[in-house]
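Step one of this worksheet: look at the structure below.
Chain IDs A, B, C, D, E and F follow the sequence of writing; residue 1 opens each chain.
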Amino acid sequence: MEVLARIDGEAGSRVVSALADVSPELAHQIAAWGFGEIYSRPALPPRDRQLVTLGMLTALGGCEPQLEVHVNAALNVGLTPEEIVEALLHSAAYCGFPKAINATFAAKKVFAERGLLPVHGG
Amino acid sequence: MEVLARIDGEAGSRVVSALADVSPELAHQIAAWGFGEIYSRPALPPRDRQLVTLGMLTALGGCEPQLEVHVNAALNVGLTPEEIVEALLHSAAYCGFPKAINATFAAKKVFAERGLLPVHGG
Amino acid sequence: MEVLARIDGEAGSRVVSALADVSPELAHQIAAWGFGEIYSRPALPPRDRQLVTLGMLTALGGCEPQLEVHVNAALNVGLTPEEIVEALLHSAAYCGFPKAINATFAAKKVFAERGLLPVHGG
Amino acid sequence: MEVLARIDGEAGSRVVSALADVSPELAHQIAAWGFGEIYSRPALPPRDRQLVTLGMLTALGGCEPQLEVHVNAALNVGLTPEEIVEALLHSAAYCGFPKAINATFAAKKVFAERGLLPVHGG
Amino acid sequence: MEVLARIDGEAGSRVVSALADVSPELAHQIAAWGFGEIYSRPALPPRDRQLVTLGMLTALGGCEPQLEVHVNAALNVGLTPEEIVEALLHSAAYCGFPKAINATFAAKKVFAERGLLPVHGG
Amino acid sequence: MEVLARIDGEAGSRVVSALADVSPELAHQIAAWGFGEIYSRPALPPRDRQLVTLGMLTALGGCEPQLEVHVNAALNVGLTPEEIVEALLHSAAYCGFPKAINATFAAKKVFAERGLLPVHGG
């Protein structure tokens, strides 16, 4: 939970809270396994993990709520808005424009909430 | 239509109605083929079919409206909220957390509408 | 941009505008590469391209905003509502009912905005 | 079965035969519903259906065997190798390069079998 | 590992062995978390879990090796070939024919290895 | 082409060559747009792009040939086998075990070709 809170911040905590009355075990496994067992392994630093995660969530499609959580997380671990936008531009070549656009709008929503618009040189 | 109404209930009927002015043939094929030809075959009982269907809709992604219909259907054919929540927890190992979370929130919406929250031991 | 405006119309322009403060480069690449380099090649006429595109967006899932843009585009290049609805019925056999339903509701939204409901013989 | 044989040719018949000892009902439904009920509807001609289908199979991913059947079918209903290759180039903008490459190699295999390589102006 | 061996049998053990020199941690997590933490929970019996899993793997696409493991697992926990084939026929309505065909051929391969062909009434 | 050759190496060149007689334009666009326009932008270094790409290709599914190209590319731009294996372990939490396993076996094939097995601490 501590790793989750530090990286995903308020957005991640909201997901965990919203699961409490329907699937506390899923919330527990996200925190205990996803973050406790996997995310906190030192073999790959958080910034690198977020780059992989942004790629996965863009490619999966239909995961805009998780993209918002992880764009927040990406900012929290040191990726700049410019780098996030560039990663999503890069995704257009591998996932096509529709998924790249969906992901970029999810990022835009997070940037707007955090006062990071406009993105320069994006 | 009779099988569809019994299993999918009001949620399924709403979909069929909403298709009436744009694609009555799609509505017809869902009822005549999907339910009349396939769903009603005795080789697999409705409860088993709903387990397969919950797995498919979670994995496909972007099918939250259909998940709501089929969580309702799952309850109608005898799956408990605890079993549905467990099936979706199980899906995390095969589809990853983002799709499992999306599906669990779709289930939560249906459980809330039917007064089935909180799910105990979920 | 000229090809994009002619084919995608107002819906496409709105996407490009909405990208301006977050990823102007993505907007540029959609127009310059997607439309300038690829779409405008004479080897396949716009009507054929829209049929392929409707199939892809239906199959990808989670691309309802892009489906709305491209149902508009399909109408702009000469596909009739009846043909669009039939293409989406056809998609049920290859992508399953859930994605066919999602795509048909995206088409319905566009048809409603353009006063094209009900679709006859759909 | 007659529509299936005329459009999909030998490749489609091989799939139906291979299903005979494991799921004759699936083979029956592909022929009776997929082709008898859906494909043979006059609202969209076979050439248009194949364009939609090529788009769907490219976008779905992992459907290279079906792409081979449907590239054959596309040729059988009048699409040229140049048009097929162009449709798959077009798909790169919507599905990304990896799926476009996979689909193009499936098409190449069919073209090679039918003596249609090289594709000119592809 | 004991749950994994009992349910997935030799096919599952082969996957774990093949991971040993490239990602022993992934092999460990499949066994420790996938099976130890999730699969062995009593809230859903193994037969029900396999129905969900067959649905997910069919829908994901490109997971034929895992389908083979899990068709074996499905047989090991009490599903009959007829029920498995019916579940995959059912999947055609939700995932489309191409993925249903791919999954059925994966099942056929397992049935052939175990001397279970032809499937009667499939 | 120069960026493509430097990053993707022999594996990438083989793809481009194999496209020459079926879709030289697709080969050209991969090189000219994918690499010339997008990949070579300085806003994200190659190592970061490969992390995003490994995530996308794992999530898309059915892209094992492209994963092999990009695991090679990842090694060429400075990612270690340990980091690649860790990124794919990480992917299990977001894409599920089946896709993580498929991607890890694609990586294993490349590591074996380059004499990099066993991966220590993987």
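Things worth noting here:
In this text, a contact is a pair of C-beta atoms (placed from the backbone, for glycine too) under 8 Å apart; a residue touches a chain by one contact, two chains touch by 3 or more.
Fair warning: this is a prediction, and the values are worked out from it, not measured in the lab.
Of the two chain pairs shown, D-E and B-E, the one joined by more C-beta contacts is B-E.
Taking each chain's centre as the mean of its CA atoms, E is the chain most distant from chain C. Taking CA atoms, the transformation carrying chain B onto chain C includes a rotation by 120°, reported to the nearest 5. Over half of the residue-numbered contact pairs at A-B are shared with one candidate from B-E, B-D or E-F, namely E-F. Averaged C-alpha coordinates give centres for chain C and chain E that are 37 Å from one another. For this pair, chain A with chain C, the centres built from the Cα atoms lie 28 Å apart. Centres computed as Cα averages put chain C at a distance of 30 Å from chain F. Residues of chain D in contact with two or more other chains: 25, 29, 33-34, 38, 41, 56-57, 60-63, 85, 89, 92-98. Those residues of chain A that touch chain C in the shared complex are 61-64, 85, 88-89, 92, 96-102, 104-105, 107-108, 111, 117-119, 122.
The touching residues of chain A, counted against chain D in their complex, run 92-98. Across the complex, chain C meets chain D through its residues 33-34, 38-39, 41, 43-44, 48-49, 51-60, 82-83, 86-87, 89-95, 121.
The touching residues of chain B, counted against chain C in their complex, run 15, 18-26, 29-30, 34, 56-57, 60-63, 65-66. On the chain B side of its complex with chain D, the touching residues are 25, 29, 33, 37-38, 41.
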